[in-house]
Amino acid sequence: MNAFADSAATAAGLIVHADPVLVRTMALSFAVSGAACAIAAVFGLFAGAWLAATRFRGRRVMLWALDTMLALPSVVVGLVVYLLLSRSGPLGSWGILFTPVAMVIAQTILVLPVIAALARQVVAGALRDGGEQLRSFGAGPLACALLMLLHERWAVLTLLLIAFGRAIAEVGAVMIVGGNIDGVTRVMTTSIALETSKGDLPLALALGVVLLAVVALLNGLIALLPREAGGERAEAS
Amino acid sequence: MATTDALIEIADASVNFGGVAAVQGASLAIRRGEFVAVVGPNGSGKTTLLRLLHGVVAHSGLRIVQAGGEPQAMVFQRPFLLRLSARDNLRLALWLAARRWPAQERRARIDAALRKVGLWPLRERAARSLSGGEQQRLALARAWALGPAVLFLDEPTASLDPSAKKEVESVLAAFAAEGTTLVMSTHNLGQAKRLATRVVFMDEGRIALDLPTADFFARSGRDARADRFLAGDLPWSLD
Amino acid sequence: MVAGLSNFRRAFLAALVPALLSIAPEAAAQDRFITMASTTSTEQSGLFAYLLPAFKAATGIDVRVVAVGTGQALDMGRRGDADVLFVHDRVGEEKFVAEGWGQKRTDVMFNDFVLLGPKADPGGTRGSDIVAALAKLATSPLRFVSRGDKSGTHAAELRLWQLAGIDIPAGKAAGYLACGCGMGPALNIASSSNAYVLTDRGTWLSFRNRGDLAVLVEGDRRLFNQYGVIVVDPAKHPYTKTALAQAFADWVLSPAGQGVIASYRIGGEQLFFPNAPK
């Protein structure tokens, strides 16, 4: 139990003193995972909408593959990207191994299936409700699907937060492709892993608490966003 | 059969859904300026007939539309409104359906439509936060803004309370007054009597009666089932 | 278009732009850096945080350390993902050079291992003879934690068992636990289950979770752990930064570099002893 008390105190101290190394590490975590989610969102939302709206041969196979990718271990993604970016690999000439860019790539691959699968779910549900009526206005199937993403934008936000959570909390991929280099590719999760392996458990836990605290702050700010013309809270039906 | 002033005409048309005949051998002509009420028991094929006339369902037999292809629009019992403001819903619908109109004309039509249905003061409100009657009026505005020659309405007041029903009926009457042709399915006979110029009675997928309103309600004993329907013995009510 | 929508979009962009911008500087950063593969125990000893700034001050070159197990570090060298290696597994290093991945290996410094165990020392190992101590443990039911991860420490541990006449895994005792993990986790396991464990002194000095563990065997010459530095051969990998890597090797073997190594202390104790060939 002492470890918990120690880490609570350490966490409070870290937050209050805004230790520069901690701030930089946190910023890098947010930057990497944020960028990965943003990129994955562009492709994933579109893919999800498209899968919900169109029918084509092999669609079921694609859905099956997509659902399977939801269980991709982050370490495996890390290994694959590492082997691709390694100097003795096909993309070695890019020279981006052990940089934040490599970490963004790995995390994008990791969360893209999450976003696509959930977006497909959201759009399919919305299309069931009003797809026919939208089509009667002359919207093509893909346009309908994209409109439904707009219509369900708060559900989309939730699924993006889920993806962001998956990204910022993972350690397997960023450890392997980033190398946990001090000052360059060290993020919150790899710091936690490092402190654990050094035996400094209270500090490791404290870092975890700080990470959660910052994410909680982010979610709190999002919850405060005014939901005007179109907010769910205002709906009568 | 080939009535030259009919906007839409179907001849011996049938619609089948997986072996079940929703509409069988229907022949009907819709003329300009009419307000046709399609009535009948549950499952008699009213909605399918509307969709058939609107041209959105596969069918056998003939469907002839007057040369020039004037626009038609359809309004449903529960309108699907996007999570946007009332005005933005109209903007989107017009943009999707009629991009050929310049932005200025689209804007003018939207404003006129909102005023016509009495929703101008509520134009910036979230469409989904409007009451049932207001939402249906918004759906009507959305359809009307396209300037359709024929407006199809599938049980537009079925889920509304009496006062909302009145709001919508007065909007429909206003549309009819300015010459829009309306084809409305309803299970509310009082509504059909109040608004329609002509009543089409459907029973088990067939058009059983097709008469001017006064004649239809004069209980002349032309059809035993129609009489029973009017008497309320078939599963529909007289409001 | 819609008030609610633009709020949403604004918030998204407000978060995204600074996020992307903060990654960019790294990408555009100094080209004068090399990637060094070393071991977790070396990095965790804090040596690099002390040594590398001195190197940068002298040459302006940044060294980015990727700390993994020795086996993995040598693999990184073979793949060309590291420009220079700084590890402590002489046999592995010589094999690396013999296979042509590096031009030569050079002694740079050494530190020592110690045997830790419960303060009360139920195995009677206390002293300065590691081989005798291990022989005693082999015939007892007492627990011993091994890293079991192909690391330099693991290799050293296996060699010592060999000297005691015991063949791991065939001849291992009942209490032998191989965790396949780094030095820190191994110490954690030993500390929480009152086991014996072989560790480098540096990790022990920085370890906080000591429990009942204490140093029982030290000072045996056979516990000395030799470090070597190898520049990865450019012949096999055209993208390695050989010139800069050689600059590092030259500096760390020079009197200046060796002096910095010698001056590194934890709690007043010297950890690493420079022994580059003069």
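A few remarks follow.
Chains here go by letter, A, B and C, matching the order in which they are written, and residues are numbered from 1 within each.
Definition applied: contacts are C-beta pairs under 8 Å (C-beta built on N, C-alpha and C of every residue); 3 or more make two chains touch, one makes a residue touch a chain.
Predicted, not measured: the structure shown is a model, and the values here were computed from it.
In summary, the chains found to touch both subunit B and subunit C are A.
Ranked by how close its C-alpha mean sits to the mean of all protein C-alpha atoms, the top chain is A.
Here the spacing of subunit B and subunit C, counted between their Cα centres, is 79 Å.
Centroids built from CA atoms put subunit C at 32 Å from subunit A.
A straight line joining the Cα centres of subunit A and subunit B is 47 Å long. Multi-chain contact residues, meaning those touching two or more other chains, occur in subunit C at positions 2-5.
Residues of subunit B in contact with two or more other chains: 83-85, 88, 126.
Counting partner chains per residue, subunit A shows two or more touched chains at residues 150, 153, 228-231. Across the interface of their complex, subunit A is touched by residues 2-5, 7-8, 11, 15-16, 18-20, 22-23, 26-27, 35, 40, 44, 48-49, 64-67, 78-81, 181-185, 187-188, 191, 203, 206-209, 237, 239-240 of subunit C. Subunit A makes touch with subunit B in their complex at residues 129-130, 133-134, 136-139, 143, 147, 150-153, 228-232, 234-237. Across the complex, subunit A meets subunit C through its residues 27-28, 30-32, 34-35, 38, 86-89, 92-93, 95, 97-101, 104, 150, 153, 157, 179-182, 184, 194, 196-201, 222, 225-231. Of all residues in subunit B, those touching subunit A in their complex are 56, 73-74, 76, 79-80, 82-85, 88, 92-93, 96-97, 124-132, 135.
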